[in-house]
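Each of the next two complexes has chain A plus one more chain, namely chain B in the first and chain C in the second.
What follows is the complex of A and B.
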């Protein structure tokens, strides 16, 4: 998976920082964004293999990211992370479209395993 | 009237309230435990989730903390009821800590803060106000207790005030996009000529005056840059000005201060800032003013060798002040040190030190030529090298990344740390990335599939078996701590421990939360560590999600693997910043209930509050239950029928005795109180209960007659009653045989953290020498079971907490035996050697005299 591209979108810097560090150790190329707009701009220019996005964000939220990604690149996998309280609603609303859901805090090991699965398919 | 005022102020004991019946007291006690448990579980959870294995966000911290605050507050309220509001200060302490935590998690930065801060008032989260260098130094001084010169910081608030006072922000704005050399130079000279605003001048003068009061009028300062981001994620090494040996007078300090500020706008520095994405004016400059160390020698330590070898640290050293080493101007000595338990000097190279920088008497510095015999002589003695190395290891471990450290040793031989910042080193990529297990293959496995992992990670070193807290004083840095019991006393050595392995213990104990805080790889409840691991043996503990393995010898590859994979998060500023909240949550300062600081005011964290409440609640319960005699009168007391004449009356406060049986007496079979049953069984252990009383000597008899009514009775009449107040999980046993008074209070449930045992022995009836021998004997025995002991005169108090039900039952059984055994002891303790002999006999279960 050397060089495979992962995008992480979360409005809290620490989430992107930690994810980048952890995923880069496994040889991924990682870009992080603090909100949806620049992330979608970037996606229009370039395809990523997996997009990990927060659900609730100001402006463009995780749902919109998901829709845009699926429209642009149906084969790109989207992993949604969200506060625990929002989980049930999110699962219901997005069933079928997302590769995986994780409530925060997300165990990094599990996120990595999920990305692995996403790339194998 | 006075009483009324006292009670209004909450000063009177119990504030005149009627003491509630013991059943209610016990119920309150259990409620305190419940809330305490909930709180400790949240603390453990937070420690885990913020440990680097999870992606978390601030909302998680907010919600977990809100649950925690609720539980701690609930605990305080139950505690108030239990103690009848005897600790009103606890509320104030709680809200102070709560404020600190909220400031951190809600990112509240005071819009106008202090202009000058003494180092002792700086905490790490003030990074933005005092800059990276000041924050790191204050951290080492206040938290690691390292030797840092006395100092104060001039904050970024002062910077803002200075710039605004001199109309500079507008000028910066004008050159923000295109800072050409000439406008930068103009800006610098305006700063140098600028006026210090009056309130800053007053604050500076106050700080300087305080330094002069302590260090005398001829004191000198080093005035150093400490920019917002400096020494944080970027080092800015050598970018900013440092003015050495400035007279401690406000005018001179003010001039030096302006010089340092101006250096923020030097051409080089602006270029460097630009390289890292900052524009002119993005970064604010705080300044540190440190008392000058009149250095005989000084230099720099790289905590990792420049080639990336993490086992080796390098010390550069020269005569006089360190400026020449820092700037690479002199051919310094170099010491290569292997980082081991006992640092080992593995290489030495003496430089030709033909110049040195020293302090001038009137201020400033001057370069001179050292005496001829010094030029090629080594600057450091081996002991000094080792001492510096040990400090460097500690600093590196604390900041969890390689460090670049400035140090100085003054003319009296005292070593100081002057700065520490992250050291960038090349990543060492090793050939072959085999599985971790393969690395360890050649090493024997000492323990496997045993115990519970409290903190994951890899730790290696020599085993140091701790049998009682006193031995911690001799704990060698970098060793692996092995002990029978887990204990919060271990906090004293936490910064120096490589790993901890215990026979008993739980992942939610006080110690466990300390291990998570300090990231000490820890394995508890192995049942056999003290048996399987030898004192002095080198071992490696690998603790992970899938359990733990202890290998024979140091498996260096495992250590490096761990280093590469789990500690990296520490390099993220955001991560360190978020985790900092744990400083006010999970750190435990109230370790020893016997020290003076064990007060509400001594509580600095939520964990401290919980610890305080638990300890004092047990004390409260013990005190209330002491008046068991009243309960004998008011409750239905039931006589315990045993083959041995203990004369115990049982007061059942709920679930202590099984129903049925004779109306006013109970047999052993009827006791369902777990702790009481264990004790009574111990008393009945074959051979423990000597039927024949050993005769008292005439002297013993006379001295017993001469003694004052002893403290055991508290003036009350206990005669005739031995009382056990019991519930299913609790007992308070007051038992008196002849002149021996034993009191044992115990809570014994499935939840180890709730459990405690408090044992008190007071004796009389013999001469003082024998009495003190008896105390020694009991203390020695209790220590073997892991008790914390206080012994004074003929009183011994032992406490033990957080112990599993099974273990506790065993301990109680032995305490039962001890009560029986010591009944006849006095008469046979004829010399000092007998103490050790009888203690050994007892521990080896030989109960005949």
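What follows is the complex of A and C.
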């Protein structure tokens, strides 16, 4: 699983930074984005193994990221995180074939475990 | 007095007037009938007197003694015919004239008697008889003609009385109904004004003296309706406040979750990778935690500002001065932005009754929003002008920025509603709204996506006696 590519999209810069710090310690390759547009541009050029995205963002939101990723690369796993601990949002996200759903504040260990599971499948 | 009573009273007045006129007309008619009756009697008398004089002439021409007896007989029959109608005659020509008539008759009778005894045919006695006969006839003629004139006078007087009273009744009816209808219309207009003001949401009670008529009852009904509406409105406001509280709570949760999550993730990594991290890394992470804590602090401070609006210290102020001070406060921000500033401050505007600092806070909020909306440059215009009817002063904050989408417009004053994403707390406009409402003012927004946004603040004009000109 060394060098496997993870993308983190969140308009809170610290989320990306901290996820990158933690995941890189485990030997993942991590790229971070502050909003959906450049992230999707990047995805069009290159496939990532796991995309971790915030649900609520200005412009292209997490749901649109999920749809685009699934269209481009059906095997890529998407993990959704959000500040809204909202059941409706979670259900909608899961229906859209999301791998996992994390309400903020995110437990980094749980996130890492979830990413591991995503890659094992 | 009730309008109903007024109408009844005016009708009673007119009917009274008509009765009075009828009474006078009857009086005149009676008088006229009496006089006519006398004229009839007088005609008979005149005929008798004429016959007497004819007999008198016969006597003088032919010295026929029987003529004198004729006259005597006629005098007797005349006196007899006067006796039963003497009351009527007295009423028509007065007792005095009646007595005079009787005197003339008896003098004439005496003169006849004298002539009868005057065998020597004394010329003077004859002359006396002639004079008495002429006198009787003339007196009777004069009185008859006077009475005819009297009848004519009464007729023309009745005509005049009827003519003028017709106009008097007409005028009284027209004037009274005009006044009553004016009164009704005035009250109706007042009620119309009240209804309009209620429809505009002013549910205040009508104070002062209630008119004691039907409109007083209507106004009392409107008052109780108004009070009911006010109670309902308060309930509505209360439920809206609860709804706002819901939005507020959700907003607080969301706003706080992001910095809390950031602190939490930093702290997790700090523990997990303490050994791996350099000292500089560790300090950098702690600084980030501090920054996020400050973010939370700001949210809490804004929240306190929002939940406990400071008591406004209202003073009489020149709005242009407040606008200038707000621009000075924002000078640095404006200098480093791409925004060009223009002002159009109205001259000779009435003074407003405001808390200078709070209104500055509102203007600063609006200016900050405008600058954010014009990231790629634009023009910020601040304008002041007098409101409609001179009771308010308006301040426009106009930007040529990206505008607000129509679906967001109705939410921009909701707490925690923000279009700025991470950049805003979503409290600025909501706090501003509270401040302006505290000033009994209004804040409105008008926006076109791609063309810009105009915020208009409306503040009440200062009034010496009440503070607010439009005090409720």
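Just so it is clear, the second predicted complex is superposed on the first by the 113 of 121 C-alpha atoms of A that agree within 3 Å, B and C clash if a C-alpha of one lies under 4 Å from a C-alpha of the other, contacts with A are read in each partner's own complex, and residues count from 1 in each chain.
Convention: a residue touches a chain if its C-beta (ideal position, glycine included) is under 8 Å from a C-beta of that chain, and two chains touch if they have at least 3 such contacts.
These numbers come from a predicted model, not from an experiment.
After overlaying the two complexes on the shared chain, residue contacts for A:119 are found with neither chain B nor chain C. Judged by the touch definition given at the top, the superposed model places A:58 against chain C, while chain B stays out of reach. In the superposition on chain A, A:107 makes contact with both chain B and chain C. Once chain A of one complex is fitted onto chain A of the other, the partner contacts of A:91 are absent, as it touches neither chain B nor chain C.
When the shared chain is aligned, no partner comes close enough to touch A:40: not chain B, not chain C.
Of the two partner chains, both chain B and chain C are touched by A:18.
Residues 12, 14-15, 18-19, 21-22, 25, 83-84, 104-109 of chain A lie at the contact with chain B in one complex and at the contact with chain C in the other.
On the chain A side of its complex with chain B, the touching residues are 10, 12-15, 17-19, 21-22, 25, 54, 81, 83-84, 104-109, 111. The residues of chain B lying in touch with chain A in their complex are 49, 52-60, 545, 564-565, 568-569, 571-572, 574-575, 578. Residues of chain C that touch chain A in their complex: 254, 257-258, 260-262, 264-266, 268-269, 272-273, 276, 288, 292, 421-422.
Touching chain C in their complex are the following residues of chain A: 11-12, 14-15, 18-19, 21-22, 25, 57-58, 83-85, 104-109.
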